[in-house]
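Right after this note come the structures.
Each of the next two complexes has chain A plus one other chain: chain B in the first, chain C in the second.
For the complex of A and B:
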């Protein structure tokens, strides 16, 4: 059978329909920060206004700071204040513009560094930590400030480390807010059957979503069913509760199912990537040995925290980079501003600090008069080294990745216009995965698990693994859309964890199936760990993603236009399950990294997104591809599977930035637009 | 109003307003769900439809203006067209949302230019965006389709 993606037969969350359903639209705040004085829906229209949601529960995966609609206060341009439902999308569009509201503007704060200072206008007066399962680490909100989480690493003695340094690099780096631009919009359908709620939605986080919906509607989780059709891309955008609660509240009020598909422009006020400011100080001896590193990260999480605390934490523990550094001090702040919420985005905080960390390595190499490759090789973590979190590193391949990347662009022949970088990236820890395998009467097996498909190929990889374990053809493996009513609990489909975690759960389930009559098997894997938020000590990741990138660029000095001629990534894959899919994920990460490096930026004017469309927010096309884009996946005999859905994104911007720096233009901020290049 | 359209080789009459796009009419009236809206402003190519064999953005083309023209969606290629096969063999997709538009643009290119160079493929396909970034393998798919069936389906 031909793949449904090439015949047009593929169906996504957007295509799901129920008889009698209504279509919804959201009315949004025009102000970044204001008191809501009055909201009135057009007469004769099924509508949700703040009074309808006042008594519903608050939600938020890590900080419970959200309500179904803004009640009393709006906190960003685009904050939902009302929603309408109508027979057709067009009628809903016509009705939503008739929502009438009055506001009283309040002072807004639009920059994370300013927002973190004492006396800044407060976006939220309190920070209530979520008791949910997505708050998987100890949160450290700072009362009376806009900081909803602070993560710190204390390792060694920073002052004596810097006292030993012969050379110190000090610089502030910035990365812009970016948008996922998943091609299928957020889409969901909600239906009530008595007191039970069913939601069909494109989400990477079915169980976290169910938990938040249960909190909103004060229902036991078992009374809510979340079904996840494949997504037309997500990259982190379709995580946690997005607009599903609005659809559900409207459906309950209407007594009919409600479908909500976001118009394209509203995607830019639904979830973006954290802009970050990173202040960095790095010290080394004259021979290149790193002795001390101090990093402060400010992650702009926007008006609602979402998983921003987790992003800031990962930003923090990636900031030291894959190096042996005896003295490290990191403080990473997740900061509220009056901008649209920022959350999970492929690379999850690691892109931001890899940019700063890897640019700083090249600045240091320049001061020391060392080859940037040599400087890295003298310092990279090797098997058995301890990271600054105290954990021992195993199956370490940073040097191998770097050398392979350098070789691919002919680093040793000529370094002009060329740049390198190397990164480490953590996997969500602690982490849990479970799967049930059921035998069918026709000799096929059904996989019941919560791993969702967004194009990353988890369904294909898990099907191949199951076929291998059960010794049947892949066509004998069925993998229905995840449905929380029938699949066991899984942390979520994020963090490049599914093939690794669910793959191991499958191995356990296959053994269980064979040992219990061959009809049903169950497997569960729990990886323990986590970090102390005040010292950064513990287990950051039970398995580290490792990768290096190499770029060769051409610069038009007059216009500042930067062309990437050659781009290569070398990724440690452990064991590859589905090679074409693994290459697609790596190439896709590199191309997304290219967009981040060269032009992607959500532009805000007075708190309003100024470029909420694909003509003003360009994403890479065929025309932007480097002349050559290649990757290699490094395997090791007997190694376990390593996730690789994101690894190749974070090293790409610094590899390009370092290549540009070799031509005499030393960038500190992303993206490296022609305007910024000519003014650097 | 009633519109007489030719879609995937069939003469059809559909109900539509004069200000509706081909994209909306194909999806709602004919259930041709492979035609998809991402940007809505003619930038991304997810709504690509062949109009008399040439790729166009269905979101920008008013349905009444399509009367008298032959419209082709990926459903109209069947499920074993050489370009579809080449995409499947080269694994030229990830989420698949943009794939119908990619397949149609590639089919149109190869009908006009059966042996394109890699550069010509990049230029011809540049109006179709893939956020998953499957471009390298899409280029392989288009060049592979050109290799496989140089003249069997150019008519």
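For the complex of A and C:
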């Protein structure tokens, strides 16, 4: 085995070092909401305090609500108020506790539904929409409230739809905040050479990061270089600007490179997954035909929006589920609270609404006296159907995924203790990818593209595709770490888009290379689309990820403890590029879904994270895995590649919830802890 | 402005260690370091000195016979895998085997888990149920303390500041014992409720761990021949359970009744 990740030779962002560099630590707010009266750094120490950053630009990928340090107000427990740099990590650690600050506490708001009400304390007084490329849809902040984006779908006539319904299900569902628990913490090194900034950082979003750094330091983007070593896991945590601006501002002040690696506990105040409350009403005819659906989503984005507006939008357009429903009304709100910021998390937005939507389908099946599989099959979208956004669906395999999943757990034999779910998941739209291929003198080819590696296997898949297109052994393909100074622009490595988008760009580049002397080829793919934020009409996704899950559970009725004995996912792959990696990605998503279903919750006490360590924040261990954990990746001759890095996560919690419901306990909230099960 | 580094005291004999223990009240004893390490990393503890027992030979013995003698530096993993323990005290081996992960068990020690008095550790409740005693020594002399009197509250023991645990003795002979670890979350979690029960010579000892500051043992509720359901209910009523991330007080009360009953049913 020569995989550098196995031999230990791999060099991650955390391993990167420069001569003469200093080590940094961040001092953070102890209050959820307070006025900052005074911040003083220990004498004789290189430090950044609010006055050092007051004149720097604001940043934020969708809403420009962030400053490098909290300037006059802190907005969550953990909001950075100062940073120090020292010769060693240990000295930095000792110095940071000596940062002295005075605060005047302000009323805080810690719940998204309350925060969305008129009169709630405001986390931000205004919402300045970002002009950057990550603000890829029209934002609808609600002035004078904590709602920084509202996304709506208006399709058909809701009232007449419900008037036609023989049965209506109405329920409120909740999902908890969760943490990514990536193995490698956030790590970066910043260096200035005159007015040019270089940053080595574990990030999925090199170009979005560069754009935000340019705004902070008022530099042209070209004067900033972002290099991306492979990440030791991310799952969405390492997206957009995290702590890179603090390292860069410290480095500028110190006149030396600065390295910043977050201590594990600070990961829980850096980025988490949106907790959500989803109010849902679903109506059907007696034969099971869906006639109307109304959904309100509240996504708790914490103190800074990050990509929360995008999360709320995806929640909104995933909320109808993969069904034909003639009358749909959705309102999805991205809401500020005085909690740590929430952002991208494997399959973002989809998990929350899949939980609500797929639990509601089983509630409906129960009321109608229908087999939940049959109810779904009567309503799932088929090829050529139009979704409630108005777009026509193509290459549709929901029924097939469902039937395969049901078959895998012996659904037709006995349904007790078993549950199913099916989801549709959008891919980043609009979306752009580009790659340059360069021939080397030794017969090898170099791929220059911005696709980053976080353990998901994009490097492996793209290497295989390139080798096939160029007709060489995979070993002849070189794939250096993405460097914004030399790679063409790419939207970002998120939303399971890279193998599909960059794979298509590679095809174009290979043709270009062959047609232009064989030395250099360039390929670019641009997918247009997008939704009207007020009606939800347009193209939500140029390409839909489709998947179903099936679970069988055993319940200890006396303690409420749930054991998942069987878990299966059927995912539409179109065409599999790297089978072992694709299966591992799918199993990884399922295990993460299991954690979301049963264990994981960031617990806040008065706004403070109560479990910021891997002992108190429980992720599944191998001993927690179902007795049988399996997946199948459905392929079709001639079909296009479908990304699958996330698809198997969202359907897992509702499959498990529906299995539990078949035993007479009907859960509405995640995680399904034993205590919540006995009190349901 | 680096702080002064703490002293690292590393005696090579037990006598030397006891002398240092008497002299340096400021020193925190380090055995396997799994607990102390966390406290230091979380800045809950910043001692001026550490007294390490790791360099003293002969403190990690495991010997069977009339009774089991465990050295204070015997690791959890050693107890778990010891043929002597597996043969004569299988429930004790099972208990040490469910603590955390192999990596932690290779480091954590028998003396450490008692001296830490962490409410959510597994072994103390089992040691109480088995009627184990700690041999405790200082420069002033030696005494034996039943484990139920050694741990007196949350992270609190009856050890004097100059004392060290030098051995743990577990009665031998015919007995039947069981440990049931109920986790409310993932498999590597600490217990929400840990029930240890032992029947010996017609007597019964039930100790419930992870629910209060010390293992909960009520001799008066362990009358021989009592019905498992009745003992479970009585324990649930007698205990005032803690609430933590693993479960509320009310939930723990419910689980205590169920798990005590199940432990006794399994013993029958």
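Rule of thumb we're sticking to: the second predicted complex is superposed on the first by the 679 of 680 C-alpha atoms of A that agree within 3 Å, B and C clash if a C-alpha of one lies under 4 Å from a C-alpha of the other, contacts with A are read in each partner's own complex, and residues count from 1 in each chain.
In this section, contacts are C-beta pairs under 8 Å (C-beta built on N, C-alpha and C of every residue); 3 or more make two chains touch, one makes a residue touch a chain.
If you're wondering where the values come from, they're calculated on a predicted model, not measured in any experiment.
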Quiz prompt | First, second, both or neither for A:619, with chain B first and chain C second | solution = both
Quiz item: Just chain B (first), just chain C (second), both, or neither: which does A:184 touch?
Solution: first
Quiz item: Does the superposition put A:45 against chain B (first), chain C (second), both, or neither?
Solution: second
Self-check item: Which partner, chain B or chain C, touches more chain A residues
Solution: B
Quiz prompt | Partner chain(s) touched by A:457 [first = chain B, second = chain C, both, neither] | solution = first
Quiz item: So, A:233: does it touch chain B (first), chain C (second), both, or neither?
Solution: first
Quiz item: Which residues would you name on chain A as touching chain B in one complex and chain C in the other?
Solution: 615, 619-621, 623
Quiz item: What residues on chain B touch chain A, complex-wise?
Solution: 32-34, 36-41, 43-44, 46, 73-75, 77-80, 84-85, 87-88, 91, 93-100, 103, 121-123, 125-139
Quiz item: Within the complex, which stretch of chain A touches chain B?
Solution: 2-12, 14-15, 180-185, 230-233, 235, 263-264, 454-457, 580-581, 583-585, 587-592, 613-615, 619-623, 625, 629
Practice problem: Sort out for me which residues of chain A touch chain C in the complex. | Solution: 42, 44-45, 90-91, 94-95, 97-98, 265, 558-559, 561, 595, 598-599, 603, 610-611, 615-616, 618-621, 623-624, 673-675, 678
Self-check item: chain A partner contacts - residues on chain C that touch it in the complex
Solution: 1-3, 38, 42-43, 182, 184-190, 245, 247-248, 251, 254-255, 258-259
